[in-house]
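The same chain A turns up in both complexes below, where it pairs with chain B and then with chain C.
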Partner chain A sequence: MAPSLSDVMTPDAAALAAAQKGEGRAPLKAGSPEHDLFTGLTRLGDNCLILGHRVSEWCGHAPVLEEDIALANMALDLIGQTQLWLGLAGEVEGRGRDADALAFRRDGWDFHNILLVERPNGDFGQTLMRQFLFDAWHAPMLKALEGSSDDRIAAIAQKAGKEVAYHIERSADLVIRLGDGTEESHARMQAALEALWGYAGEAFIADAVDTRLAEAGLMPAPESLRATFDETVNAVFAEAALTRPESDFAHKGGKQGRHSEHMGHLLTDMQWLQRAYPDAKW
Partner chain B sequence: MYAQMVKSEATDEDPAKLAAFQARIDAGERIEPKDWMPEGYRKTLIRQIGQHAHSEIVGQLPEGNWITRAPTLERKAILLAKVQDEAGHGLYLYCAAETLGISRDELTEQLLSGKMKYSSIFNYPTLSWADIGAVGWLVDGAAIMNQVPLQRTSFGPYSRAMIRICKEESFHQRQGYDLIRKMAEGTPEQKAMAQDALNRFWYPSLMMFGPSDKDSVHSTQSMAWKIKINTNDELRQKFVDQTVPQAEFLGLTIPDEHLKWNEDKGGYDFSEPDWNEFYEVLKGNGPCNADRMEARTRAWRDGEWVRDGLMAHARKQTSRRVAAE
Partner chain C sequence: MVRPALEQVWDWLGEVPDPEIPVISLTDLGIIRDVAWDDDTLVVTVTPTYSGCPATSVINFEIEKKLRDEGVGQLRLERQLTPPWTTDWIKPQAREALKAYGIAPPIDGTAADGVLAGRISRLSGQSNLAVECPRCGSTKTEKVSQFGSTPCKAAYRCTDCLEPFDYFKCI
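Our next item is the complex of A and B:
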């Protein structure tokens, strides 16, 4: 017979452990500084997650082997950045949700990415133009975030910024080469620009959350990044012989959780295993 | 084995040159691209390296099938990195083949026209998340078994590519094993997925080594040239002996009722895979042959304007530079 061992466990150990991580704690109050910061961080993380997902759909289907490698690399960087931003968001929220819980267990209305990144891949030209428009915002955004009053944000921005410096270099270079390539590649790049331009502006439109985050010195005011973005895209379009659309109309809503029809399908794909087998560890 | 059933070419060159070539190989020297080599050696290598490269490229598809559904961010990153590595292996191997005087585009055209093959294993579907573990554990495991000896193959660029590739493949195998271990130790549903993955991938993995040596007509010349180092049966036996205890550790059952330790030979006795199925898959009748080729053909065709655009831009840049000088 095995020696008897005294039970040193408290009967409600599981509940205590959960409470340590904040599970069951009340949701953050909208308008509170913590809620603002959480929202700002999910905006950053969700942009990376959704764009990373879209880019990863290309795996094995790219026009040339070097692009298979490059696209996988972009997706990998973006998923890595997602882990950092959503990890910090979960920490700020303090309710026991980690990056995976945020990525795989929220529904569409709780995602805060801009509409641009959920646009379907289309042809390679559309995927590339979406990436370029995103990178042209993402690079100055990360640069500004390096000066955040929150050291954790500054540290992530510094790390991600090194990667995104390559992203913009690559996407700008390819836009130029294909814009100024054959007649067909030019026409496709111009069509991609016209299809996606209306989604480029959302990132620069501030709401009350953005304004409060900017006032607290945590994140830059969205409109402050517009000049750098314009300078980048104008220079690249000029070299690529592409015509910038005249209208600056911007579709919006993604940052506040109002998404396109595409988003539900994307999440169905991405979250399926986690939703179908909620008790499983992977 | 990512290159299966590679037919070695007969050769009818000057016997003195051939003898000197064989002497170099026997002395363990590496043959480099600019060295004299028999045409048969060159053609056999193009076929073998090309087939291996194509396998890496087509091999992106069954695994890519699960990237968007990976259940955690970490697993998604691991799988992305792995599939990216496979594309990288394809790139090294195409480069090695190019040193023999054939371009990557020519090799691609031959794949798409059906003139060249890729490993039959990639014509099987990945149906559950556990399959991603099984592919790493069994398929990469079988590939490594073949590729480790090929690090000593006689053709320098191929040997060097293999050294790099093996390092990454053994990492992939561990990641695959880690994934399936998590499944095998998980919920009853996860365990069932792991067992089902093993059931479906076991025999196709054994087929990766090719038919038995007594039926393999291409081995002798390739072995003399050190393009092939071990026989199919030796490698298959080694794979089974290595894999059985790994399955036992996972608490999974190898789907072979005749599997039995044989003390005399110091290895397992096991059932042969269904070779009719193997030949049908090679002929194009596997579950995914048509889908795989369609995906590769579409990627190539849809990407044509991109490749043309990049080339046109490069030509414009050159003529602008020349005009400026």
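Our next item is the complex of A and C:
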């Protein structure tokens, strides 16, 4: 008998059954190493998920066909990476929640993405600038995670890093072409930079969870990535004829679950089907 | 039960076409990392091309279908992330097949590395890759977009014969 698609996609049945037995287990204790790791992994996964969702909103609406396709493919990469990070988060938590459960059945305050990725798409320039600022952090973050003391984290980082290397090539290339383009495109890119710059710094601000994860060698200290980020953005802005805003003031709270008003709207759109029809299969 | 020889299993898998590029097989693509027996269960280890590749589940389905059709009763598919898949693993004969199919094969050693600062001038100029047009063979080609019809490809255009084509990016 030919297998059905859903059968093949089901992971190891024994592992799944074992995980499901943990469903009644108590939530992880805040401050415990498992809770820290779970939080760190959801921060990684939620960044990819929320940005992936935002980018996918462009599907069918981009200014030119090539960019429409490129945006859809970037979203696809990010959602794929989400499955890896949130899949591991669910495994670490051990309460039977898989990547889908974490993506579609958590409420806003349980999401740990930085505020930057939930910013609305705005015009194409804002979408690109948001992507570039994210990529300029994401690429060195993944490079550092390749050295994680947890092999599972290192493996995902290695895989995702190869994909993100192309993301940053694309976003930097387009920021330069549009920044150093026409008067109109330059003005839009400069406006996008000014609107988004205040959201670029959150990724580099450590809280107690970050510090403990760094001490355990699991994830890099957030501030250790700042120099590479600055080097990248300064070089690209110089080439793009864009002026970096003077103040490095950073809005924060997303990593701790305090989100902007945009997050609720995004989740409503992203989660409604799984909320209305739990466990619905394609 | 009779356990088919592993060489036989590899041959069977070599007959399974990639669902998106049917002129090359799964073994040509280099995504089958291992085939082994665990008692009476055949274990096939597969590595994904891209994390979000929508073909992954179809590939798993095709592997299972092929092996079941050949009479393998007990089968387990395992996912392996490291070492991550690279286009270096695409077999030489498959590169020719790609070209004949209209897709420029990857140029080894040109993968993006995510380190930008030293290469800004390259980024702001045209691509420095001499990608050969699979239709007319000209190297007068230009990149239209870093992402083509799938994440694994970039969109290119030939300035000689004017045809657009896909380039299988090196990763």
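Keep this in mind: the second predicted complex is superposed on the first by the 257 of 282 C-alpha atoms of A that agree within 3 Å, B and C clash if a C-alpha of one lies under 4 Å from a C-alpha of the other, contacts with A are read in each partner's own complex, and residues count from 1 in each chain.
Operating definition for what follows: a residue touches a chain if its C-beta (ideal position, glycine included) is under 8 Å from a C-beta of that chain, and two chains touch if they have at least 3 such contacts.
The structure presented is a predicted model; accordingly, all values stated were derived computationally and were not measured.
In the superposed pair of complexes, A:A250 makes contact with neither chain B nor chain C. In the superposition on chain A, A:R188 makes contact with chain B only, while chain C stays out of contact range.
Look at A:Q83: by the touch rule set out above, it reaches both chain B and chain C.
In the superposition on chain A, contact of A:A103 is made with chain B only, not with chain C. In the superposed pair of complexes, A:A206 makes contact with neither chain B nor chain C. Residue contacts after overlaying the shared chain place A:A235 against chain C, while chain B stays out of touching range. Once the two complexes are overlaid on the shared chain, A:D180 sits against chain B and chain C alike. In the superposition on chain A, contact is made by A:A62 with chain B only, not with chain C. Contact with chain B, but none with chain C, is seen for A:Q274 once the two complexes are overlaid on the shared chain. According to the touch criterion, the shared surface of chain A, contacted by chain B in one complex and chain C in the other, consists of residues 66-67, 69, 73, 76, 79-80, 83, 176-177, 180. Within the complex, the chain C residues that touch chain A are 48, 50-54, 57-58, 60-61, 64-65, 68, 76-77, 81-84, 86, 111-117, 120-121, 123-124, 144-151, 155, 169, 171.
Those residues of chain A that touch chain C in the shared complex are 1-3, 5, 8-9, 12, 66-67, 69-70, 73-74, 76-81, 83-84, 136, 139-140, 142-143, 151, 154-156, 158-166, 168-170, 172-173, 176-177, 180, 231-232, 235-236, 238-239. Residues 49, 53, 56-57, 59-69, 72-73, 75-76, 79-80, 82-83, 86, 99-100, 103-104, 123-125, 176-178, 180-182, 184-186, 188, 269-270, 272-274, 277, 279-282 of chain A touch chain B in their complex. Across the interface of their complex, chain A is touched by residues 57, 60-61, 64, 67-77, 80-81, 83-84, 87-88, 90-91, 94, 104, 129, 182, 186-187, 189-190, 295, 298-300, 302-314, 316 of chain B.
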